[in-house]
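Let me begin by presenting the structure, written as structure tokens, before commenting on it.
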Amino acid sequence: MSKPITQSPLQANSTALADELVATGVLFHRCGWVPATGGNFSARLGVDRMLITVSGVHKGELTRNDFLVADLQGQPLEAGRKPSYETGLHAQLYRFDPSIGAVLHVHSVANTVLSRARGRVSLQGYELLKILPGISEPEGAVEVSVFSNDQDIARLSRRVEAHMNEHPLPAAYLIAGHGLYAWGETIAQARHRVEALEFMFECELWNRGN
Amino acid sequence: MSKPITQSPLQANSTALADELVATGVLFHRCGWVPATGGNFSARLGVDRMLITVSGVHKGELTRNDFLVADLQGQPLEAGRKPSYETGLHAQLYRFDPSIGAVLHVHSVANTVLSRARGRVSLQGYELLKILPGISEPEGAVEVSVFSNDQDIARLSRRVEAHMNEHPLPAAYLIAGHGLYAWGETIAQARHRVEALEFMFECELWNRGN
Amino acid sequence: MSKPITQSPLQANSTALADELVATGVLFHRCGWVPATGGNFSARLGVDRMLITVSGVHKGELTRNDFLVADLQGQPLEAGRKPSYETGLHAQLYRFDPSIGAVLHVHSVANTVLSRARGRVSLQGYELLKILPGISEPEGAVEVSVFSNDQDIARLSRRVEAHMNEHPLPAAYLIAGHGLYAWGETIAQARHRVEALEFMFECELWNRGN
Amino acid sequence: MSKPITQSPLQANSTALADELVATGVLFHRCGWVPATGGNFSARLGVDRMLITVSGVHKGELTRNDFLVADLQGQPLEAGRKPSYETGLHAQLYRFDPSIGAVLHVHSVANTVLSRARGRVSLQGYELLKILPGISEPEGAVEVSVFSNDQDIARLSRRVEAHMNEHPLPAAYLIAGHGLYAWGETIAQARHRVEALEFMFECELWNRGN
């Protein structure tokens, strides 16, 4: 890890956020949620930028050098580096809601199986639903939307945007066969929501005949 | 971690108990039993106090600062800190039985799925039942009660109390969609009971057609 | 860990074996095969003794002090220490076959579920069967016997002995609801057999409709 | 680990490759993909040699000494050391395609169960398919061939060769009851493909009724 002699406040912030995303990657890989080079992570840097993982790196073995700064249109601000393929989906969320501070995308077996099989995932009666924003009573049903997968990320992000304009989301959505996007005001909050959602998705896999 | 120059015996005891609960959290998180900020842990401090995790912290990443001292009505004895939401359930157990030295609450996939689907979980023919108090013969059935979930913790703890007055429990009960409460004379004993119960719950998930 | 100034060759051997069993316990606990205080491990010490885990300790957190020396009738040679409850089953194996150098007993979800449901577990067509003694062709079926559980260990060990006199075993047997006993000439060989058998048992759990 | 005073470039390369395969083994064992002494790993050394694990070692506990150099007929170039039983399958791949730089063979529960039950494994609609060579659109089906197991490795490798001459493979094939062979230009690429394939195989195990 590089140890710069002097740092601007933004650089220092960026390094701290990168370190937190590196640790998140180690944890999530141990859980099996970022196989191969799947998944990508970002954190907001001020009002108009984000720090996001570069393309093609293993999320369980990130270093500080595996991130770049992009604007909220998803354009990298560093020449010669390629952001994650799905940067546009992160950018859409940061533009949509200024309170969003971090976005985590993971591929788990549970979210992949459920998102392939169901048009939406309805979660009800789990105490952990209270981790999601606005839920104080776990007995009400929470719907996690499933978008069909699309290799055209600009088109997919427009579909997400149109949907979010009409339906408040529980700080998360699924893409069929592809995985979970979840977010929060901080990396920690986004991570806790991923943990809670993945836990409930695993429960759903077992919810047959028990 | 703070290294106080001098400590009263109670402080020293409290630090040792906190360290043991921190280690328990690391272990349980690796098992997937305390996702997000779920779960809470406590240990008795003398006859009329307990050490309990504060509200909203991740149980896999606890530090010594994530605990507070509360009385056995569940009231914190330290100003300005908020105990775990479910402190009242811990307090009920310490009041009910002076031999209880530790209470561990965990959310596992197995205990969540079973507690949602069954009115009680009957365990029979498992050698590990002998870890539970008063069981010397694994062929007898042990019933783990399931209480319906309730966001009113005072009301829920009165229901548990009323039930315990009539039925001896196997040092554990379940709350539907919410998880396991298990206890012991020591943290180690409570932890072993959690491990044994979670093991048997996982077996129950697979007990179909094999 | 104690560092004795001088050691007899037998003591040195015993320490090395204990260290290897300690490491085995860490590994097996991470796999979920020794929950709570379940399981026990032993290794042969010369022709007429064995080193075996003491009663009631957690097998994932063993230290060099958690072992004692017993004779091959299962009697401890150290005053005041209590060997594992099931020492008689280890002793029977060491008496039965002088080439046995280590015996490992584990409780896994897979071996517990299968041993409760089946009178014997038949394994066929797994490449890993070649880890078992005398198997060079994985297409032949290997039968792992399941004994019904019994709290009278002397009686259970006589049943095992009678069975082994008539049927060669694949270096392993199961006890219903209780777990696997597996053995080898060395701790490493016994451990590899446990890993291979547990792998095949897990496959058997999934062998439905795939 | 030995620290030679001087090294030829080839020796240095070989040490670096061995270290990367050692790390791969630790990771894969933690995932449960190389139980007992199952699996074997290799990497190309120049145009006509490979580095491959020796016979009978545990892949989660490899050291630099657990590898040997063999030619691309599978013959060891070091006297007195025995290469992995299945070296011929590695050699066939290096001869077949000069761009192959690493071959990894693993036994997972998922690949074992699927390869026993299906004549081929068809994967469709998984975003992670894009990790495989030539796949840019996850909606098309990818077929992973399953060869029946054979203890005659020369005969099995001829069957694989004949099949590969007629059908391009997705950098991987399965052997029934035996496991996955996957490859790439580098160890990292081969490892990512193993992670992606094992992830999809696990999803397939759950693809029933969800």
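The first chain written gets the first letter, and so on, giving A, B, C and D; residue counts start at 1 in each chain.
Methods note: a residue touches a chain if its C-beta (ideal position, glycine included) is under 8 Å from a C-beta of that chain, and two chains touch if they have at least 3 such contacts.
As the structure is a prediction and not an experimental result, all values here were calculated from the model.
A.B. asks: What shortest step count links chain B and chain D in the network of chain contacts?
C.D. replies: Each step joins two touching chains, and the minimum needed here is 2.
A.B. asks: Using the average of all C-alpha atoms in each chain as its centre, how far is it in Å between chain A and chain C?
C.D. replies: Inter-chain centre distance comes to 44 Å.
A.B. asks: For chain C versus chain D, what separation do you get between their C-alpha means, in angstrom?
C.D. replies: Here chain C and chain D have centroids separated by 31 Å.
A.B. asks: List, in ascending order, every residue of chain B touching at least 2 other chains.
C.D. replies: Touching at least two other chains: 30.
A.B. asks: Which pairs of chains touch each other in this structure?
C.D. replies: The complete list of chain pairs in contact reads A-B, A-D, B-C, C-D.
A.B. asks: Where on chain D is chain C touching in the complex?
C.D. replies: Those in contact with chain C are residues 30, 32, 35-38, 58, 107, 109-110, 112-114, 116-118, 149, 151, 175-179, 204-205, 208.
A.B. asks: Which of the residues in chain A come into contact with chain B in the complex?
C.D. replies: Against chain B, the touching part of chain A is residues 30-31, 125-128, 131, 136-139, 188, 192-193, 195-196, 198-199, 202-203, 206-207, 209-210.
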